[in-house]
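Structures follow.
You will see two complexes here that share chain A, one where it goes with chain B and one where it goes with chain C.
Let's look at the complex of A and B:
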């Protein structure tokens, strides 16, 4: 199967996942409600005289994105478990690479929409001056989300065979998310503090390296996970 | 029918789960246009053998050679409840590079589902789902068709439709393996019968009528 065919399969799978989500809407609304709830609770729980908005904002943002995204990732392979649809995928000429890329793409759009909807709330609550560096913040969000979704998709495929997949996913996934999330928090802290770009390059390179490594490792391991 | 050019060949296939051997040393050829009916009690290894033949499970030992696309009907529909019948077929058609509307409508029509093509399959009865699963299996124009209890949940009329479709596919040169307990309906479609006992193919013989098949199976099962 050539790269065009792989891309065609990936797009078909992503479109199918998003259509199913659009029909059911369960994962999207639970992720969105969770994101709004966490941002609100963290905002009102803080002591404004002890912790400034700028100190709290990066952590609040990434706690929200990580856990809201995880709620969505769980559904990625639950869909395929239903009626053993995954067997239908495996009987088709679709390669594991095509299936993985399709799943990642669908999850990326799903998590990205949740993030984009909750980002204005974050800006409103924490009054962070990010307009001048919004492009940079979006780049960090995109990179960290891609790494997070790639590993999350792999683990979602692993835990879907277990009886308590909803509980197992965060337990297995969180240790692997530590490096990219720390990098993303560090970068967000510098971006909201309007630090010069020079101070970002180290963390940005580290985040990009994590994303590339995580993405390709997940892709390599996915074939073994998909079999049997 | 020629055995010199099989659509499917199994060479000493074994499969185990943990320490339990579920399929043991099964070898056979299925020619183009030939149907082999697998007969056996529960746990005889029929479903596992079909999953190994399809490629969904790896053989623990031995190998399987398939000529052309494989279509499979299993216990599960392998489709998505939230999508309509047409959307499901279009999705799997896209994976196979066969998503043209005419073909999908023709398959829905053949299986008597055209009028419910735009309804979500989560609302379908067991028989409708089974017919849709058969339509999905036929999407890639398979040269090898694997059917695990294909008549489950079907009424007489739908069963007859499926038997007719199988006959058309045989005439078109597809090789088939069919596992079923519904012998009366399916013996007419089969050329040979493989009797599965304890994971082994105890015998592979020309197909007689349903009574003869049952009698022969009992003899082999009693022998163990």
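Let's look at the complex of A and C:
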């Protein structure tokens, strides 16, 4: 199967997953409402006289994105578990690479939309003067989310075979989210404080290295998960 | 099971060696000028950390070997090593705060090495929890090997992350670019202790591994009997 075919399979699987989601919108709206709730609760979970909005904002944003994203990730393979749909995927001529890319793409769109909808609320709630640096923040969000979704897709394929997949996913996934989230928080903190670009390069290259390495590692290892 | 018996002998000898390390550290190694008696815990803490990291490196590498060869015996080594590693990490994570309280004035601090070892510990507890979630040998081996390889690649990232965040931990006294900065007598005690802990690791591993093999055989027989 050529790379063009693989891409077509990936797009088809992503489109299928998103269509299923679009018909019910249950996961999307629960993730979104969950994100808004977390943003609100975190705002009040501090001493407002001691910790300013801007000091709290970067951490709040990323805790929200992480938790809301994790809710969505479990869904990707739970869909396939029902009626053993995963066997159909395996029987189809789709390669593991195509399936993985499709699932990652579907998750990326799902988590990305939740993030993009909650971002304006975050800017509003925490009164973040971000408009001039928005492009940079979106780049950080894109990178961290891609890393998060790649590893998360691999792990959701693992935990879906266990009995307590909802609990198992965070236990396995959170240690892997530690480097990208700390990097994203550090970057967001500097971006929000309008620091010069020089102060971003270190964490930015670490984040990029994480995304590239774990994306390809997850892609490579996914084959071992799917085989029967 | 010959390897089990050999493991018991090695563990016994290593435990005798550990008694020797205690005696040497307490009686024959000079008192550290600033840290006093608390520093003695270093001769247990650092070697336990070494054994834990060794155990986890073995788990990661044997996970990779399993994925390449699909040979059962690599999975058994990887899982045994993870369990032994969790035990050594617990020694490391309990002796650390005992030393930290008198010397740093706090039980715990979010320092680079503390945080990364805590994460490594949690990763491998997760690894063992995941293993417990599967009944089928083949799936368990394959899935946990994937996690083992992922963890092996993750550890450097965690270390860089927390290191850039900030560090307070004493600088390395043994493995560093120039010569060790530990005085000779203390260095000898530390090296002996590292040797003893390595032997302990080997002894534990051989026993644990023999047990895993036996359990594996029993599981197979149960499956056969049910079939």
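Here is the rule we use: the second predicted complex is superposed on the first by the 228 of 228 C-alpha atoms of A that agree within 3 Å, B and C clash if a C-alpha of one lies under 4 Å from a C-alpha of the other, contacts with A are read in each partner's own complex, and residues count from 1 in each chain.
We take it that contacts are C-beta pairs under 8 Å (C-beta built on N, C-alpha and C of every residue); 3 or more make two chains touch, one makes a residue touch a chain.
Here the structure is a predicted model, which means the values were calculated and not measured.
Once the two complexes are laid over each other on the shared chain, residue contacts for A:23 go to chain B alone; chain C is not touched. In the superposition on chain A, contact of A:91 is made with chain B only, not with chain C.
Judged by the touch definition given at the top, the superposed model places A:225 against chain C, while chain B stays out of reach. Of the two partner chains placed around the shared chain by superposition, chain C is the only one that A:203 touches, whereas chain B remains out of contact.
By the touch criterion stated above, A:158 is placed in contact with chain C alone, chain B being left untouched.
Chain A uses residues 227 to touch chain B in one structure and chain C in the other.
Partner chain C is touched in their complex by these residues of chain A: 151, 154, 158-159, 161-164, 168, 171-172, 175-176, 178-179, 182-183, 202-203, 206, 210, 213-214, 217-218, 221, 224-225, 227. Within the complex, the chain C residues that touch chain A are 67, 119, 122-123, 126, 129-130, 133-134, 139, 142-143, 145-147, 149-151, 153-154, 157-158, 160-162, 164-165.
Those residues of chain B whose C-beta lies close enough to touch chain A in the complex are 54-58, 69-72, 74, 76-83, 87, 91-92, 94-97, 120, 136, 140.
By the touch rule above, chain A contacts chain B in their complex via residues 5, 8-9, 12, 16, 19-20, 23-24, 79, 82-94, 227-228.
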